[in-house]
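In the two assemblies presented below, chain A is common to both, partnered first by chain B and then by chain C.
And then the complex of A and B:
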């Protein structure tokens, strides 16, 4: 745990340093830029609340990827599952009329259903025809992208709008906002706690993890691999779908083109840097969200465009993942040396 | 008749970028690298192609820049995956996102635009009109007048097949994927072979990118590779890396691309754009059925 923390912090510092060098090379002031970046994402109640709100889709898709990768299935379909979840929640929000305390949970369930449906297709293709989920989920991403684009251009199109988008959903389905804090964070934390509990404390979670580490061993131990495979795909799809539903219910309250942004791919990256650890996913998700939230402020104060953050994110991932192995060797060496010294004295 | 030649020409231009990237992928496939970075390399190539073509008023420099840009991505992949031995899957994902972020960033930084950059100053790669052949009805319209890259691609398919199956380098390449330790113990560094396979992949993806931004269309837009790298990966897996098989399957995908354009008269464009991806799923279905039969 401590070691992971060290490797993460060292990696982030190195990545920020590389980013600073790139900025220097282009004639920007890195200190000023980073000050603006973190001023607008961490210091103060409003920036912090915004960072928290923006972290929700990142963390949920990150959790989806982490649980999937750690349990075996290479579910790379988070982008598509997120969009389908968002579409389901939007459609529910357009046509259902219930009191808020019922409508919000219903829409949350609908968004999870949408995501699980989309990942379920990939799971069934694997189960029935042995088709590799790695490619099917990727293809389903593109299909979901076009399908949702069609859905918001024709059947659910807002007639008063000039670009493809749906009308706003029922105001009762809007997630409540308390002061600066958006309640989508509560839903995310609930989902995190449930997933953490299932993954680390229940037999099912143990079976998933052990299958991810050694599927032959777990099969010999009596784990029903095929059934677990489908369950994991459904659960991870539901998580990504939930991310999409919350984006709609907390943010624009409608489905607009480009709603999914890069959330899901960023989530996959977060899972990768966190080495599929759940707590790591949470922390890196917050960090990535801080970067993205601060990027707007950075663009406002300095001349650095906000797209620069995407570059920094990718550098962070590469540095941390590549450095992980090397740091381990380095730490082991220093530990061994210290022990050797203790023994001689 | 026009529909058919149009469909075939659409098929060829749809297939070319996929085919080039997939040929690059097949070299790394044989070298035993799980390379999913074709998407990023292609995107990098497409961006630098526009950059070179625009600033030097020459499509040739555009192609060279595309190859250099794609090689830069390949170099990052080599540094992390081969030198530092970082997980290839992770490196690939990070590299794809790096390419997306970096090209979007540079698009804004260098051209001061968001979304897409198109300008009459970008010089496209010319179409080649073969004398005499272009006179032949129907066949002439297909054989002649294609983009220069298309002819280069045909050449590269043959060279790749020869290189992989008929030369010493090809043997070592396949050995690196089949059994790296035995290759190492026979005195050939498998890391070196892998590096070369990635460099070749970089060059071919650079050409694919140049075709996208200087041939297929003459502009650069954000994320313009649009999953073609993933489709080319699927193509490589579907035919187990055989260059001729890849050519065939790329043409099939290209055909669905052209078919999609044709179908646009009958249904919303969003559905026709799905066609290549659905076709990939269908191809994967047949592949899996075959693979299962072979096993039993």
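And then the complex of A and C:
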């Protein structure tokens, strides 16, 4: 744990340093740029609240990817599952009329159902035709993309709009905002606590983890890995779907074109950086959200374009992943060398 | 004869802590065929890969023509005239013979374009020089495996290699093709080439080589002149007769029949019959050993018993209950299982010791869970891990450390502890002492005998005959998927079982071809 924390912090610092060098090379002032970046993302109530709000889809899709990867299935369908979750929540919000305390949970469940349905298709394709989820989830992303595009262009199209989008959902389904803070963060934290508990404390979570480490060992130990595979696909689909539902309910309150943005792919990236650890996913999700949130302010104050943040993100991923792999190899080799020395004396 | 290569005190540790080659010293002379023999995992391939620069060694020296060398990659070894032919054929099937041979070292004209005329001429020259029966314009896809192997050898000769390392070259050949290969190798030797030849077929080794180095468990046992040794002699060195374990068998009266395999036949996905009409039974308090050369159906037998294979025919029963079609979890109520491969089947090495100990118990023992099996009972699991630590004298730091941080012997103790505390009537042990040091082996043997006292039925699969003779009550010999003998241990000896393992029949028809 401590080693992970240290290697994470050192990795981020190195990545920021490399970013600074690139800025220097291009004639920008790195100190000023970083000051602007973090002023607009961390320091102050409003920046912090915005960073938190923006982190929700990143962390939820990141958790989806982390839980899937750590349990074995290569679920790369978060983008599609997010969109389906968003669509389900939107449709529910358009046609259901319940008091807020009922409608909000119902839509949250609907969004999870949408995501789980989409990942469930991939699970069934694997079960029936032995198709790899690695490829089917990727393909289903495209189908979800165009299916939701069609849905907001025709059946659920807002006739007053000029571009594809749905009307606004029932105002009772809007997530409450307290001062600067959007309550989507509360839902995300709840989801995190639940999934953390399931993954680390429940018998099922234990089996998922061990299967992800060594599925043959688990199978021989009596774990029903096929059944667990389906469960993991459904749960991770539901998490990504939840991310989509919250995007709609917290933000534009409608499904408009491009709603999914790059959240889900960033989530997958966060899972990779966090080495599929849940707490790591939460922390890196916050960090990446801070970068993205601050980028607008950075562009406002300095001449550095906000796209530069993608460079920083990419460098962070590379530095941390490479550093982690190298550290393990280095430690293994040191052990081997020590053993060889023991033999000679 | 002049010494060409000298290896001194070579140690190779695979990270983090597997000692594959342990202080091996040997020398190879110019113009000899030198065989390296040993059982699977004896370290013979690793030793050669170290020489070839494919693996880096941790300690020791390699002298080539008196000069110390340390090849960083095979390219450097080839530049020094040392080449290796691997077990698998590594050619491009769509290319012709000559294209494959020149690939990577093509003769070019002044424009930097491949000089095809020149290349074909050079290759043809080599083919003629060594009298290889090859057509250089054939596509590799169309030629036989034996011919492809010749292309591999020629590939090295084309690069003017003087030392050829061959890793079990006869494994891919049919019996008719082997003498031809041997003739070619002898011809190469007579041209002054040095041939290092990895094998575990003793007859081939005796027929072909001038000198033989025997390895066992990473150590060199001896280097002998093949004219001064015999097959029996080599076999003894290979399996380790030198360390005479005393027998631990005690007379016991076996009880009721516990484990029965009836008419088991298994045909795999490629329609090969891997197991044929296997029949045996084990009583409570009895240890039955299965001897056999690796790859004669042991793996398939284990998988069939554990439920990883769907068997084609037959029946498996434990204490009278038919488990032939049972799910793995239901089998585990009756079967404790220690696999030969700790990292692949016996444990999740990156998970913690605690998590590895819980496996299977978490479903079968209600103490391990709360809320009707939903929630793990962490306290109980810790207590249980502690019990294993005490009872099986495991040396561990913290139970939350990764499993791989344990030494091999301690890993095996944890696995044995987990499996034996399942408290099942039948115990399946697949090479439980593989890769362990002598002390740990002793301990495991004592443990197995303790289980016998507890009236459990034990099936012990082992490649180590010493081990079987030490503790098994009966020995079954598995040869090509069939049980060819069922011998009470006190009425047989290592030589007889060894012969049965290799030949599949008794030794009475001595050397009648």
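Everything that follows uses one rule, which is that the second predicted complex is superposed on the first by the 326 of 345 C-alpha atoms of A that agree within 3 Å, B and C clash if a C-alpha of one lies under 4 Å from a C-alpha of the other, contacts with A are read in each partner's own complex, and residues count from 1 in each chain.
Assume a residue touches a chain if its C-beta (ideal position, glycine included) is under 8 Å from a C-beta of that chain, and two chains touch if they have at least 3 such contacts.
Quick caveat, the model's predicted, so the values are computed rather than measured.
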{"item": "Partner chain(s) touched by A:307 [first = chain B, second = chain C, both, neither]", "value": "first"}
{"item": "Residue contacts with chain A in the superposition, chain B compared against chain C", "value": "B"}
{"item": "Partner chain(s) touched by A:146 [first = chain B, second = chain C, both, neither]", "value": "first"}
{"item": "Touched partner set for A:221, first chain B, second chain C, both or neither", "value": "second"}
{"item": "Doubly contacted chain A residues - partners chain C and chain B", "value": "none"}
{"item": "Chain A to chain B touching residues, read off their complex", "value": "26, 125, 129-132, 135-136, 138-143, 146-147, 149-150, 153-154, 262, 265-266, 268-269, 272, 305, 307-311, 313-315, 317-318, 321-322, 325-326"}
{"item": "Chain A-touching residues of chain C, taken from the complex the two chains share", "value": "9, 11-17, 19, 22-23, 58-59, 306, 308, 327-329, 332, 337, 339, 344-351, 355, 358-360, 362-364, 369, 373-376, 378"}
{"item": "Residue ranges of chain B in contact with chain A within the complex", "value": "76, 80, 84-87, 90-91, 93-95, 97-98, 100-102, 104-105, 108-109, 226-227, 230, 233-234, 237, 268, 270-271, 273-274, 277-278, 280-281, 284-285, 288-289, 291-292"}
{"item": "Residue ranges of chain A touching chain C (in the complex, touch as defined)", "value": "201-204, 206-207, 209-210, 213-214, 216-224, 329, 331-333, 335-337, 339-341, 343-344"}
